[in-house]
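Here is the structure we will look at, set down as structure tokens.
Every chain is named by a letter (A, B, C and D) in the order it is written, and numbering of its residues begins at 1.
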């Protein structure tokens, strides 16, 4: 099969590294450019010693530049950049007809006003919002992705929360105002950047909530939950930082509308996710170590008969299903390939 | 000052070790016996290399025996035993007039029926239940402890949950049926016992909920919350196991009754905990590493203006304020000493 | 291509799990039996939740039994058993003409006397020693493995030590009596067994040497070093347990015979390991995290001009190149397949 | 007793924090100033949440300034600064008659030339070198410290190496050219500074040697070893970074001169360290977790009968005996107080 020339911008961060590692083994991809301001001039093998000896290890990092990306012949560009910066690449690349798979938050929200509220700055490219797809395949479905030019890939928190909740809100099984979410995230979620709070000696033997009560990703979480519910949904969401490198679990408490039980939850999941490769409904409470370095999201539900509420649990790898793996899954579908290509 | 002869039963576990380490430096305590089936015949210094070179390091472990404890002249006996077994020591020791400070769950519940429901067995010594004090000093107050003969010391989960919630329920600031609790616990909470799920290679890089929806400690949590509220309180409680040795945090979401805010929460805490040495209301979200190896419990509250709910946060060391430190604090008060003796 | 029916005995341990995971994706293998006393009757997906959803996840564990293994039609049986027990399976399987790939220590030593000295018991099947191959492909070479019926696969310590040292001893570049080895091992090396010293709370924040001065694996290390040197070699070897799940590094200090430098070392490695897929000579000091979950062994050398000695460094994953991956690599070669099959 | 006014410069790093925590509970010390460029204007309780609620928690950080330190009335100033910068404070403070306890490398070497060789820059205050004491109490003895004005306190690597080796070299029990040292260090040893290699996600599940073959601290290690041996000693030293927050172990291989065994080693240690409070000769191989947060250094020796060499082992907490605790111990002795004051 003809290979699609692809590039990764911001390739030296953790999500970027994961993207590069996965794409370099992807059967239908030819990696033609990887960019990084810090790593420019060095090879993949030098910057990522894990990759030494692999077929792509000689590929050199270049300075990020729209012109150079276009010149590389890339038909698909993955953006692993901070929000705000991603749009600066996405706009001209789209104009040039290049497919953009964006891992930042720039094109996840439908409303530039909500972006401004949560991110504290004007949206950098509001005209593109209408054309972007919120690229969570299990939620948006394959049709929305096929042929899409701008994929706005959700990150780890939204994925871990939307996959368990959306089928329940769509069916009006749970009360939209009853949702309480607690998530635990590994430290790689903070990115490969030199910040004291993420030093080993600060994170090891440390457990801490942060970002409550209004984490930025709430904006997209509530956008998608509201869309599923057909009404405005507002949730409690508390993220926690815990000492693992990779992994995320979410524990969600909800009120069923008519006494629905865990079986009804599992049935809704099974119905909506029939045929999807990366959702597993598991008999035990999900453990992040069972999904590390995979694109799976594990789900479980339990009745809390004593309070009449339901407990929902999910686990994923924040760098795979919560970032690079999900982006590739969506990209696969956009190209009409098996969603598992390069991911198993 | 005259020293109180004291003993620790079940001294080779993690709580037992912490008790021994703290009591051996306690100004008013003379450690006269430490028992452990596995360690009998060895010295403290041999079994706990941390203690080598200390004044008590030569003290020998003995087989656990009520007669030997009484013969040792101990006026106070700390029990760091599994539930069920603790009562076998507590009953004859109380009969002999010895003060018992019990770290197990055996005497925390007022109702033998609730014990049977949650622990799946008949209560081993129901006659003693009426005489025991639920020894959480910040909640029961000093008067209840002074001169008490049987102190039932709460463990880590109840402490991390009751200290933030009780003042709010007493004042009817929050809706009793709105409480959703998520707790994260370090692995030492599982005890020093050879179980595969607690091996390093099973816990490292692992995040998992467990024990939901009906953890045993819910029974005492709800007993005390109900007592504070003046009505039956049932809560959602999900514990999680995370890869730290020591530390526990709880994140609690509640509905205020009349729109009370975080300031009102902090005022209630400040009022109830005025003069208490080990409660800190902190400006940041509590981090377990700030309380490790101390008897502090750190608290914070936040408004979630978007949902109208309140977020409560606590952090403690599961082996100190959640076990050995708390037991010694209650013991201090029972003896009319400063609650900080031996703890700072 | 025709697939080789294969079985794994002792499949519920860490090495066994890794073997099963790798073999279930191996292009030329059909997994026909996995045995485990504890897991018998359960499926792979139940026992290893990581494997849920994979093609092999429904395969059921059976009780270990030679007859059942033979009846399964397995042409190759991997043994991931403790030493002593492995021989009980190897002997009748070999008699029945089944290829045995043994990950235990039972057939690594050429001398039953040395086995008795280091393992404290009589060798269980001395007659088989002569037929076994010490299956470290980089050292024994492909020819020794092709068609071999009994592969004695070295574990993590010998691999991490022999790969850097053997080429130097063969060339007499270093003094055989000058070798000082320090190795650091992750905790999964101790196996999935319920032992207090390997609990999370015992290993986390702990650094400790152990097993010095006469670790059991010294016997095979020295056997192979002596064979390379053409004279008896005795070394200092100190293993250390450190809090990682996977990973091993070795730091080796040696005296060059005629002032050879690090360049000469790297040349010897490059010559001996030309064409080998899993040895990487790296420019930095090897880091275990760069080889985790791969079959690579990374090597580096440095001159210590001040003392005139040479420093050698290696890193590998103790469960892959140090166990399951190496076994599969040797098995591949024994079958005349590319050594990388199923390993990249 | 009259309290000595004391100050800590560079107090917001890990060693600085440990100094402040220990000094604030020291019976003979009044903490009058703590300085930090980043933390100036904030209180101890704000910067170190662990200290909130303690007696000193209200003390404010100030900008580092020699004039302000002198104006504070401090009679003793602890410097927890990078090398080079420490001398800028030490020189004027000494001139003003203030005692300086320096935790940096600036005054550990007797020779400005060796400093220039290892640190790559001219020594900033060579005139002071002659007046400084290498303040490792177990080695220099009490007399050298009593009344000393400039204490150059050794860090973690030298302490973990010199304490086991010096008694043996003094007695000529071991061959000075036979010494091979491997050390493992926790990540807090790298300081509280924002560097990517020390992020949690870089250190967790990572084992790596670094700094070989010519780590800066070799200069002082060899200076002191040479002084003990009465001849120039050059050693092999390989430090490793491992994922613990605190803790250091060293494993040292040496050749005895006349077949001396581990018993002779232990006798030499017992003789030299009789009466010292912080050296423990332990029966097991030292484990860093047994000394965490203490000022102990644990030692053990083993015969390697097979090679005729001796194995020496040590363990300490890099922030206590390897930094702040050692500085306070030396300061105590300099003031003729019990060396344990404030340390147990």
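As a working rule, a residue touches a chain if its C-beta (ideal position, glycine included) is under 8 Å from a C-beta of that chain, and two chains touch if they have at least 3 such contacts.
Everything numeric in this text was worked out from a predicted model, so none of it was measured.
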item	value
Identity of the chain that, by mean CA position, is farthest from chain C	B
Winner on C-beta contact pairs when B-D is weighed against A-D	A-D
Separation of chain A from chain B, taking each centre as the mean of its C-alpha atoms, in whole Å	40
Intercentroid distance (Cα basis), chain D paired with chain A, Å	46
Euclidean distance of C-alpha centroids - chain B vs chain D, Å	37
In chain B, residues with contacts to at least two other chains	186, 202, 204-205, 243-245, 287, 289
Chain C contact footprint on chain B (complex, rising order)	14, 186-188, 190, 192-196, 198-205, 243-245
Chain A partner contacts - residues on chain B that touch it in the complex	177, 180, 182, 184, 186, 202, 204-210, 212-214, 218, 234-236, 238, 240, 242-249, 251, 253, 285-289, 292, 302-307, 309, 311, 313, 315
Residues of chain B touching chain D in the complex	46, 49-50, 52-53, 204-205, 277, 280, 282-284, 287, 289-291, 293-294, 296, 298
